[in-house]
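Quick one: the structure is below, and I'll ask about it shortly.
Just so it is clear, A, B, C and D label the chains in written order, and each chain counts residues from 1 on its own.
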Amino acid sequence: MAVRAAVAGASGYAGGELLRLLLAHPEVEIGALTGNSNAGQRLGALQPHLLPLADRVLGPTTPEALAGHDVVFLALPHGRSAAVAEQLGPDVLVIDMGADFRLRDAADWERFYGSPHAGTWPYGLPELPGGRAALEGSKRVAVPGCYPTAVSLALFPAYAAGLAEPEAVIVAASGTSGAGRTPKPHLLGSEVMGSMSPYGVGGVHRHTPEMIQNLSAAAGERVSVSFTPTLAPMSRGILATCSAKARGGVTAASLRETYEKAFADEPFVHLLPEGQWPATASVHGSNAVQVQVAHDEAAGRIIAISAIDNLAKGTAGGAVQSMNIALGLPEELGLPTIGVAP
Amino acid sequence: MAVRAAVAGASGYAGGELLRLLLAHPEVEIGALTGNSNAGQRLGALQPHLLPLADRVLGPTTPEALAGHDVVFLALPHGRSAAVAEQLGPDVLVIDMGADFRLRDAADWERFYGSPHAGTWPYGLPELPGGRAALEGSKRVAVPGCYPTAVSLALFPAYAAGLAEPEAVIVAASGTSGAGRTPKPHLLGSEVMGSMSPYGVGGVHRHTPEMIQNLSAAAGERVSVSFTPTLAPMSRGILATCSAKARGGVTAASLRETYEKAFADEPFVHLLPEGQWPATASVHGSNAVQVQVAHDEAAGRIIAISAIDNLAKGTAGGAVQSMNIALGLPEELGLPTIGVAP
Amino acid sequence: MAVRAAVAGASGYAGGELLRLLLAHPEVEIGALTGNSNAGQRLGALQPHLLPLADRVLGPTTPEALAGHDVVFLALPHGRSAAVAEQLGPDVLVIDMGADFRLRDAADWERFYGSPHAGTWPYGLPELPGGRAALEGSKRVAVPGCYPTAVSLALFPAYAAGLAEPEAVIVAASGTSGAGRTPKPHLLGSEVMGSMSPYGVGGVHRHTPEMIQNLSAAAGERVSVSFTPTLAPMSRGILATCSAKARGGVTAASLRETYEKAFADEPFVHLLPEGQWPATASVHGSNAVQVQVAHDEAAGRIIAISAIDNLAKGTAGGAVQSMNIALGLPEELGLPTIGVAP
Amino acid sequence: MAVRAAVAGASGYAGGELLRLLLAHPEVEIGALTGNSNAGQRLGALQPHLLPLADRVLGPTTPEALAGHDVVFLALPHGRSAAVAEQLGPDVLVIDMGADFRLRDAADWERFYGSPHAGTWPYGLPELPGGRAALEGSKRVAVPGCYPTAVSLALFPAYAAGLAEPEAVIVAASGTSGAGRTPKPHLLGSEVMGSMSPYGVGGVHRHTPEMIQNLSAAAGERVSVSFTPTLAPMSRGILATCSAKARGGVTAASLRETYEKAFADEPFVHLLPEGQWPATASVHGSNAVQVQVAHDEAAGRIIAISAIDNLAKGTAGGAVQSMNIALGLPEELGLPTIGVAP
């Protein structure tokens, strides 16, 4: 018996990627598709690659439209999910792809998002310590941010094993789809092609407290994060270069052993063989994560680097993975593990 | 019972894409993987995205290595397939992704490829008139070239319906993966990013006689082809802009009706709604084809435009589609129909 | 004594490129800079690469602001130039980078632009037969469209020499800056990177009548044009692939000789050596034009291909070149002839 | 009286960019052009954008070929410059664009480059404290590496003013031209487009000791450097994200004042207004440097970010700037300061 899924916010990049994945999911039947400003339009005009759904028309995001589904995915602007979720029954699995329910600290939420805190839901990153247990059978899931997904997977093993000082320095490059589909001058192809530029520098990016939350939980102590995001001339992909000072006694061998153990049973996270480094092309369009780690003895630092597809594992793939766990389906069901490369 | 498939030439782009698709094919078990200069290497070093096969080691392309499979895919340099195919029994399905067995005219072959003609196999473009019948039960398949796939699908309906004069003018843009993986200066990222350039201008590109063969067969008369390929700053994708003078009586409505009929039952070819045009991003990584057609009354020409992924529908996807038909499997089995966009 | 130049419409791509060129022009002093919706803003916020002008503030486009200059460049939306030009005296050199004064046929104008025809000014493509003479001493210049620049330079020699049948088929790829700086969904980096797509297919692109005008003038008879523009994943550059049936007696040698003669004395147009083809990277940021021509005997067609930078030779460079001629300055003054490659 | 300049290694990207700049330099006359494997070839075949030099033929790199010039630029593989330089007289200005004479510490050289140390020449980064004085009248110049140029300009003000702890963490993204023109599989357009990937991770990149040398000199104490280079999908440009712990008492205001003072009189380095961040597109093809700095109070770190064109300011532009100073010419002569954007 198929899982009937609704998608609120089907016209954006996250919604489109989710539909691409759900169309290939053997247990999912796609139900209502809603939008706001795009309600009334054919999906084919908005998402020309989703040919099997081309003639579906977006409805408005109302409780009526979303009723009668087993799963409702929310791909809404920040701050809008709570109102919609409240009107869905407690037995419906609600998966929020926005930020609203990710943070445990209300003050962090208010400082970075500027609105009242709506609460905290089980966090959809099963690879974190205790992550799967929190999702099994849950009826509410907060899908992680794309940068926190990449960064947390790169660094949590070092922190969980006590190998790193609690001051992480992170520089990440993201494809432009991470900035969404609303047209803005600095996101024009003419501006981004051939150019790298930073944004949200100096601790102001909204994903910073989420990284601190995840790494601190792994470390068992407060970890500070210096995070610099950069915009790269590509549509998709995040490459996160993360480092922290190594604690005494860390060696390249102990570091590698720690990471091997952390990811040994993970279906989507691949610690690359020594000498090979992550590339976003390798995970393009898939739920796979590539990780590699090095010990810079001269500088006394651990360097952990991960590559994900920001729209797949970083958003829609992570959402489907969490849905599978929450519903008791096989975790990998319907999720591509091989990137479209070259 | 699974279909056991060997891939000769697993280190190139065509071989890599084929393996990506075969890994997702529910009826295929991947057997021998061979290479020539790369024999002895781990596949993980050559195709870092194919993580499930990372530890497979390429063997040499020998009859022994390829024996014992139901299907053997040949992704070899031009001119090498015949010698390998001869040593495979008549009951093995051999699918040649090279050019060796595409052309019916030996003189054409010799003029464009400069070596003796090896023969002609059933042609793996099922969408052409009579195309499926030629493949059903066949033990040999010649996979079409990437440009001829895009061009033939764009123009054959017009020719089959007698709407166009037999002089086609074609300009196509291809992603760089179509030029293969052998490092050459003009294929460096530094050269191709930010640049469009033509090559093989003036009727000398090897895919020209294959287009002439397909369009002439559809038209029932000799069609001349002026073909200009261009290299575009993208990894994948072909956009083929094809035109011919309209014959008397052609109207926009009759043209559209002809194309609607031609593709009505095709699982992979999508005639777009009026006003929407093909984009290679929409078919990236998929076996889908987008087609649109227009009638330029002032210039008296039919303009038909198609978008494919050169490595998928243009090579490896076309190969799997043909395999499915030849083996009596559902034609769409294991083939993605939705592009990875944006 | 410096030429004092004002730029109306300094916030767009054409205006920005013009200012880049004027800053390097030894005889020009940059005067008023105006904008409409951006009036009141620092230029540094709008054109971050124009560092020497970063602190200049855009004024409104008024007669007062533009008064007192030797040259006024208009980089305005279509249909706005006439009203501004009227208020500038007859002794001021007015160079319109928009379409308003390019077409001689009022009906063509009205059909393609949908507004009353404002008139016809001397046409700023000096390489055309008689082109320089029309500009010398002129006080009004209509800068050609970017596509017509590329196409006319590729094909006029064949038409002027009577070598080609009067039915041209043109497919051109343009960088996204040609579509301007107003944010639109289909121009987002996420959409255009990795994708080729056509637009304005079937004879509806506004540059079509301008090409017909130029080629017909060269041919001495009406030339029909089938024009298909495509959007390429690059910021700048146009590659125009142009063809027409060869008239009887045309040979590769006669064709080459014709083109050699046509461009022998041209400072910016380079007929490439045989075997070498134009690439947009080679002319990136420069006023140079690369042209090559071939004779496809089998198809009976002449193929002429040109590469320009759409913002430089295709707009702002062409404007400065015309200014130089109109003012009696050396034609090449201040204009880069070498592309920024790779 | 013109400065006569020879270029040894004219076929690579550094040599090509140098020639582009020298062609626009009003005091330079281009003399001998040499290559090694490319000796005997037309420059037009190797550098198709350098149209004015298209018919020049590369000679072999011999003392005879290089004799009789005022300036000799060496754009040779690492380790080759010393032998050539020895044969040039002490009165010839020799500008080495390779690494051979950059490092003061012979042990560093040998550890990172694996060959005997050839010596140390005056270092061509005039913006560093004392940098100009070292170059005035010098007959030997070691042009800095591209990454050290970007990193040193971003961080030296903080270190010179004692604001930062001596442990720098740097992540830089480079365009692919920084990896040179020798064809290698991982540099193919198909591989790099749409992908970000790191390389030389963990303190092994050869530019690391050069950064340490520059930052330590500015700080007056040994500065450790953790450097991670990444390859970005663009032809040109370096974006360097550099950070270090802030020393007690640092404020955003003191930081900004320090940087304003450091660059107040610099012709090429632009400290951007607050709120604006560097973008490589803004300096594309120019000798300009964009710098911005922030104080992340929560993480206790200074973040300094710079953007350069790796081939221009990072190599050939820096070489010309140093030549101007060494010869007593105006420092900015012939050097573009405005990037080709968009």
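What we mean here is this: contacts are C-beta pairs under 8 Å (C-beta built on N, C-alpha and C of every residue); 3 or more make two chains touch, one makes a residue touch a chain.
As the structure is a prediction and not an experimental result, all values here were calculated from the model.
Minimum number of contact steps separating subunit A from subunit C: 1.
For subunit C, the chain whose average C-alpha position is most distant is A. Of the two chain pairs examined here, A-B and A-D, the one linked by more C-beta pairs in contact is A-D.
Once the centre of each chain is set as its mean CA position, subunit B and subunit D turn out to be 45 Å apart. Distance between subunit A and subunit D, defined via averaged C-alpha coordinates, is recorded as 37 Å. Chain contacts: subunit D has residues 13, 175, 177, 188, 190-191, 193-194, 233-236, 279, 281-282, 284, 341-342 touching two or more partner chains. The residues of subunit B lying in touch with subunit C in their complex are 167, 169, 171, 173, 175, 188, 190-191, 193-199, 201-203, 224-226, 228, 230, 232-237, 239, 241, 243, 277-282, 284, 292, 294-301, 303, 305, 307, 341-342.
Subunit A contributes residues 13, 175-177, 179, 181, 183-185, 187-194, 233-235 to its touches with subunit C in the complex.
Per the touch definition, subunit A reaches subunit B in the complex via residues 13, 16, 20, 23-24, 44-45, 47-52, 54, 177, 193-194, 235-236, 270, 272-273, 276, 279, 281-286, 288, 290, 336-342.
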